[in-house]
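Next come two complexes built around chain A: one with chain B, the other with chain C.
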Partner chain A sequence: MEKINTLEKLNNMGKDMVGQIKKGHSPYFTTPLRSRGNIKFDKEEGVLKLGKKDEKRTFANVGQARKFMQTMAIAAKCKKFVEEELHTSIRGLYYQLKFSLGENLEEDLFSEQSESNPLIEDLEVALDVKREDFNLSTDRKGFVAGDMLIEDTFGGEKTVIDCGKQGRSGWSIPSDVDNGMKIKELNADYVLVVEKDAMWQRLNEDKYWKKQNCLLITPKGQASRGTRRLLRKLADKKLPIYVFTDCDAWGWYIYWAIKTGSMNLAYLGTEIAVPEARFIGVTMKDISDFDFLSKLTIKAKPVDIKRASEMIDYPWINRHKEWVNELKTVLRTKQKLEQDALQGPRLTFVGEYLAKKIANNDFLP
Partner chain B sequence: MKNDDQFSDFKEHSVAEFFKKNRQMLGFSGKVRSLTTIVHEYVTNSLDAAEEAKILCDVTIKLEELDKETGHYKITAEDNGSGIPENLMGKALGQMLAGTKFHRYIQQRGQQGIGAAGVTMYSQITTGKTTKVTSGYRGKIIEAKLNIDFKTNKANVEILSKEEGDWHGLIIETEVKDVKYDKSVSGVYEYLKRTAIANPHTQITFIDPNNEVHIFPRSIEKIPPKPEEVKPHPLGMATNDLMDFAHRDVNKTLNQFFFETFSRMSNSKVKELRELLPHINFKKDPKKLEWSEADDIIRAFQKIKWIAPSVDGIYPIGEEQIRTSMINILEPEFLAVIERKPKIYRGGIPFIVEVGLGYGGNSGRNSSGDVSSSDVMRFGNRAPLLFDAGGCAINESVKSVDWKRYGLKSMKDAPITLMINISSVHIPYTGAGKQAIAMEQEIVDEVRFGIMEAARKMQAHIQSVVKTKERIHKKKAILRYIHQVSEDLSYLSNIASFEIENLLSKLIEEKYDTKKDEKELEEAMQNGGITNGEN
Partner chain C sequence: MEKINTLEKLNNMGKDMVGQIKKGHSPYFTTPLRSRGNIKFDKEEGVLKLGKKDEKRTFANVGQARKFMQTMAIAAKCKKFVEEELHTSIRGLYYQLKFSLGENLEEDLFSEQSESNPLIEDLEVALDVKREDFNLSTDRKGFVAGDMLIEDTFGGEKTVIDCGKQGRSGWSIPSDVDNGMKIKELNADYVLVVEKDAMWQRLNEDKYWKKQNCLLITPKGQASRGTRRLLRKLADKKLPIYVFTDCDAWGWYIYWAIKTGSMNLAYLGTEIAVPEARFIGVTMKDISDFDFLSKLTIKAKPVDIKRASEMIDYPWINRHKEWVNELKTVLRTKQKLEQDALQGPRLTFVGEYLAKKIANNDFLP
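Up next is the complex of A and B:
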C-alpha cells in the first residue's frame, strides 16, 4: 500500500507543478521549516514535531531555482527507484544525480552529497512520506532476538525470518521496516532495548528473552530510523517498551530520542517516536539500592554535567519530576554509571536486576 | 605689500617694458604653461571676435617644434572671424592693454591674460622675431609683420601685401622659445578640448607637433547671444582693472570718470568716495591716475555699501549646450547637467554655476587605457582654468562632497568628468594668472550643491545599471536550469518535456524581462540632466 501511495504522491506533485506552469505561475512546493525555531514539543502526544512555519520553494526565484531543480531531480529519480523496485542509499542516489547540466554549462546537478541530503528531507516532509518509501535505505543498525516471525519480501522473493532462531547474532534490523516487511507472529510481553551490543550479547546468552518472554533489541548506540520505526510498530501492538542505557549524557540522549523523537527527525514526528517508552536504568537511585554500585561509579565528564543541566530545561523532560530529581542528583554528586557495572557481582546479575525492576515497575517515565 | 614695490617704478617705464620684466604676470611661467597661455590668447580672441560678429567660429591651431633644446616652436592660429582692419592691427597685436575687449565691460573670456600683444612681446624677447599677421577684413586681405617698441608701447607694423579678396578671418604666425608641448592636463591639447566643451558652437582643429590632426567638432549650430554691455560694478574691480579703465578714459576728471564708468555709482557715492580718500584729487585727469591711488580707491570701494550688480550681464553656457558638447566629446554612458539659479557672493556680485557630470564612456582621464580616473574641468566664463587647481573654489567643492553617499568608493578612480563653469561679470580669481577662483563661501557652497544634485542623478543611474545587470544575471542563472527541471517534471507528470520547457522558458523570460529594464534605463538617462535650479 505504502508504495502505491508514494508513487501517487510523486505523480500528483509533478502534475500540480505542470498545472501551475500552465496557469503562468512559477512551479513551487511548500515544506515545513525544519529549523530549530519550528520544532515544537506536542504535550498531548509527547512527541517532538514541526510547527506551522512553512517555506515556499519556487523555481522562478533565483535564490531557490537550483534547489528546486535538484529537488525535482531527486523526486524523479526516487519515482524510478520505486517503480523499478530497486533500493539504494542516499549516497547511491547522489551518484545517480551527479552529472553536468550541459556541455556549455560548467555546473553539475549536484556537486556534494551535502547538497542532496537535506533536499531528500525536504521531499519527505513536503510529501509526508519517509525516505524508506522512496527505496532509499540507510546502513542497518540494531539487532533483535525473541519470539517474532518476520515476512520479508525482497528482490522478488519472500522469506520468513524467525527472530528466535538467530543464534548469537540476532536478526539485523533493516533500514526500512515498512515496505515489504511484515510482522507475521509475535509472542512477547514487552520489549527491552539495551544500549550496548555487548550487554545485548550477555543477555542473549542468558536466554533472557526466553525466560522473560520479551523481545531483546539493541540499537547499538543511537537508534537508527529503522530501529525506532520498529519500536513504534511494536508499541502499536501494545507492547511496553523498556529502555536500558548507561546513566550518562549519551545514554539519556538515546532514551529521549526513542521516546520523543529527535530534533533532526522532528519532521517524522509520531512516525518515529515512542512516547510509551520507559527508562529502566541505570539510575542514580540504583547506587543506593545496590551497595556494590557505589564503588563502581565514574566521575561525570563535563559533557555529562552540561547535558544534565540542559535537560532540566527541556519542557518534555522537566514535566517529569522523577527526571528532574535524577538529573539534580547527577549535578550534585557529579557521578555517572555504566550499565556494564551491573556485571560487577556476577555476569548474570544484569538479568536479575532487569527482571526485578520490571516486576516492580521500577523505572523513570 | 609686494605689489606696491613691484609697481612703484611703473610710471618710469612703458606698460610694455614693465611686462617685459615681469612676464610671469602674463602667464609666462613654466614651459608648458607658457605655450598654453599663448594658445589661450589667440583662441579667446578668435572666439570673442566671432561671437561679436555673429559668426560660427572655426579655429585652427598648429604647433611646430623647431628646436627641442631651446623649446623653439612656431605657432599658427587661424580663424574665420571678421579679421582686423589695417588701422587697428598694431593696436590689437602690438600694443599692451589695448585689445578691443578693454573698451567695454561685458562678460567675456578675455578677463584673463594680457592678450595677443603679450604673445607678440614674448616672441620678440625670446626669438627677436616679428609676428606675422594675415587679416581678411571687408574684402581686403592684408599681410603684415609687427613687433612692439617697448619704450613707447607702440606697434611697428610693416605691411607686406594688400589685395582684394572675399576671405575673412585672421591668421597669426609667431615663433617663441622656452616653451614645451606635452599632453598633460595643463597642456595645449587639454586646453583646446575643454574650450571645445564650453563652446559647442565652435569647431576647433588642432595640429600637434607630431603633425597629428585633432578635431573637436562643432555640435551646436547656434551662435550664443551677444553679451549685453553692462557697466562694471565697483566691487568687481581690481587695481589693474581700474588702471586700464582710467588710462583709456575720455572724461576730464576723476569725478566724471567714476560717475560715467561704473554701475550703481551715484553722485552721493562719489561723494562718499571723496570723503574716504581726501588725499586724492578727484579733479585730476583719469589718465594720470597712479597705481598707488588706484590701489587706495579699490580699498575704499570695499568699504562703501553698494546696490548689488544686475544679473543681466551674465551668460551661462546653457544646459542644452553643455549636454550636446559633453555627449559630443565624451560619449558618456550617463550625463547630468545642472544649471543653478543666480546667487550672489561678497554681498552683492551675482554668479551662476553650471555643472555637467559625465559618467562612463570616455569620461574621466585615461579613458583609452584600462585605468580610469576622474577629471574635473574648471571654467570661468567658459574659459578653461588649467592651473593652480589646488587653491580653487571649484576643487574645494569637489573635495567637500561625500562621494560614498553617491555609490562611489572613490571619486578619484571613478570614470567621471565633472565640468563646472562659473559665470559672472566679475569672477574672483585668486591671482594675476587668473587660473583659480577664490574660495568665497557662497561660491564653494553653490558649486557643491550643483555637484550633489548631479551626483544624485548619477547614483540613480548606477543603481539602475546594477539592477539591470543583476536581472540579466538572475535570468541567465534560472534559464540554465530549465532543461533539467522540465525533464524531471515530465517524468513525474507524464507530460511532454518540450511542452513544459517552452512554457517555463516563456514564464521566466517574462518575469525577468530585461528589455523593460533597458527601456527604463534609457528613460533614466534622458531624465538624467533635467534642469531644476534649487537644491
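Up next is the complex of A and C:
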C-alpha cells in the first residue's frame, strides 16, 4: 500500500464526515463485520476471508457515539504519523490520544488500551488499509538466512542488508516488510519455514540454506504479521513454501495460520495467507519411514487431542484426506512428535531428513 | 571461556570418576549449593553470588544414583558437541540422551526435559563453565543498533556485521557472545538499554544512536543470558550502561537483574552482572520535572505494590536512599508510569528526554 493512497483514504474519510455533518446528518462510516459469523473459507483461493456483511458506525447513537469519536481521533493521529513519516506502536498511539484528549474531555476516552485495538481494526477494514500503512508497528518476530538482499529505507536512510552475511544471528524480520522495503535480489529454489528458533540455528550452523540454495526462515513459533507478509511476497515470486513444525496442536496451528490465514486476521484475507504452503513434517507417517522415531514420541497432551478432533471438522482441512489420516493417527495412538526428535541419532540428521523429503516431494497439502 | 579449557575440564571430570572407581570408591563430584540459602549479595562487587556451601553428588546413594548417572550422560554428550563443533538446544540434548540411553536402560532416564535443566546447572557450577561453552544454546533475545563491528565465526565461516547498517531491524544478539565472537570495532560514548522493542524501534527511527554516539540496545523485556553477557563485555570496555524501563514491577526487575544479577542465575555471579549500570527512568521523580506526565500515570497493579514493598527490604536496594524514595512514592501514590508515556506530547519527545537526563547525569544508582 502506498503512503499517498493511505493519506488519500484517510482524507476522504474525513471529508465524507464533514460533508455529512454539513448536510445536517449524523456522520457515519461502514465497515465489514469481523465476527465469526462473517468469516468464510474461500474454496477457490484457499483463504479465510470476511463475508459480505457490513456494520454501520454512527455518531448519533447513544451506544456508538463514544466509539465513533475514538475512531475519528485514531484516524486523525494516524494521518499525522503518516505525514510526519514517523512510526509508533499502538501503546504510543494510546498515550498520544490520552495526552491530547485527556484534558479537554470529561472522561478519559482511552482509559484502557484494549479499547483502541478493535477501533484500529475498524479503520483497517473500513479503508482497506493495513495498520502498518498507518505507521503503526506490530510485534516483530522471525529471522531469515539465505541469499537475499533487502533494501531498507528507514529514517531517511537506505541500507542494503545481505541475509547471507548475518552469521549466527540472521536478519530479523521487521513489523512492516512493505513500506520502504523491497527484495532487491533473491537467489533461492524454495523457502523452508522452521517453527523453532533453536532448530533454525541448528540448520543455519549446518549451512543448510547454502547447500540447498533455499531461504531459511523461522517465525519463532506463531508467525507475526510481518513474517506472514514476507512469506506471501516470496510465494508471489513463485518460490515453494515448505513448513516444518512439531506434530502437535501448536505446530499444526502455525502451519494452518500461514496457509489459510487465521480467524482473528481473516480481515486481511489474501494479503497475509499463503495457500501455496506445504507441510513437510514432522508427521506421524515419518515414524514408519524413520524407525528410530518410534521411541522418541511423547504422550500427546489433552490440548493436542482436542485440537486434532476439532481440525478434522474444519472443511478447509478435511478436504485433504492426507490430513484426515494424519490427525486420525494422532487420535488413535495419542502420541505427538517434536521436530527436535530428529536430532536424536546425530545433530546433523535433521538436515538430511529435510533434504530427503524435499527431493521426494513428500509433503502434506 | 576457551573451548580447550572446557574440554579439559570435562576430560578431567571423567578421569576423576574413573580414578575413583578404580580405587574401589563410589564416584562423586562436588558442586556449590544453588538454593536460596547459599545466595549472597557481595557488597564489594555489588553482585548476587553463591556462598561457600557445597553439595556432594555421589553414585552410591539410592537417592542420587539416577541423577548422578544422568549428569554423567549429559557431560559425555556435551563433550561430543564441543568436539564436533556443533551446537544444539537443551531440547536437542534431551533427544540425544533419549535416543542413546533409551534402549539400553530399563526406563527412560530423561522422560521429562525439566529433569535435565538442573543437571546442566550442576555441571556448569561444578566445572565453573557456562552452558554456552558446552555448545548448548539458550533462548536469544535482544537487538543492537550503533557504531560497532562484530566478528562472528560460525559454522566455519567468518562474517563481520556492522550494527550501524542494519536498517530498521538491528543486529539480533545471539545466545553466545563469547565463543567465536568478538567486538572488532566500537565507537560509542555510552550504552542505552531500552526495555521495549517498540520503543527501541522509535529511537532507532530517530537515529538516536547516531546523534548521541551511543549503542542502542533492547533486551525485549527481561534480558537474556546473551544480552547480559554482551552488556558485561561493554561495561568492561568502560562504557557507561544506562537502563531505561517502565516505572513498575517488571521494569525494576529488568534493571536489577542486569545490575546485580538474579537469584536463578546467581551461580554465574560476576560473569553476567553489571553493577556499573545506572537507571535513567522513567521515575516517579520525572513527574515533577515533566508536568504533562502527571496526567499520563496509570493505577499501579497489586503486583507493582507488592514488588515495591519487597524491594525496599532488599539490602542491595535499600542502601540507596534514592531508590527508597522512589519506591515509597509508588507505595504512597499507588501510581505507575510507562516509558511509552513520553511519546504523549510528540513521538520524538522520548529522545529529548533521554538526551537531557544523560547530559544532566540524572540517574538513580
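In the analysis below, the second predicted complex is superposed on the first by the 356 of 365 C-alpha atoms of A that agree within 3 Å, B and C clash if a C-alpha of one lies under 4 Å from a C-alpha of the other, contacts with A are read in each partner's own complex, and residues count from 1 in each chain.
By definition in this document, a residue touches a chain if its C-beta (ideal position, glycine included) is under 8 Å from a C-beta of that chain, and two chains touch if they have at least 3 such contacts.
Note that the structure is predicted; figures quoted are calculated from it, not measured.
In the superposition on chain A, contact is made by A:62 with chain B only, not with chain C. In the superposed pair of complexes, A:295 makes contact with chain C only, with no contact to chain B.
In the superposed pair of complexes, A:87 makes contact with chain C only, with no contact to chain B. Legend: residue contacts after superposition of the two complexes on their common chain; A:26 is shown touching chain B, with no touch to chain C.
Measured by the number of chain A residues touched, the leading partner among chain B and chain C is C. By the touch criterion stated above, A:49 is placed in contact with neither chain B nor chain C.
By the touch criterion stated above, A:152 is placed in contact with chain C alone, chain B being left untouched. Overlaid on A, the two complexes show chain B and chain C touching the same residues of chain A, namely 102.
Per the touch definition, chain A reaches chain B in the complex via residues 10-11, 13-15, 17-18, 21-22, 24-27, 59-60, 62, 65-66, 68-69, 72-73, 75-76, 79-80, 101-102, 105, 107, 109. Across the interface of their complex, chain A is touched by residues 81, 84, 86-89, 91-92, 94-96, 98-99, 102-103, 137, 139-140, 143, 150, 152, 154-155, 157, 159, 161, 165-176, 181, 196-199, 201-202, 204-207, 292, 295-296, 338, 340-345, 347-348 of chain C. In the complex of the two chains, the chain B residues touching chain A come out as 474, 477-478, 480-481, 483-485, 487-495, 500, 503-504, 507-508, 511.
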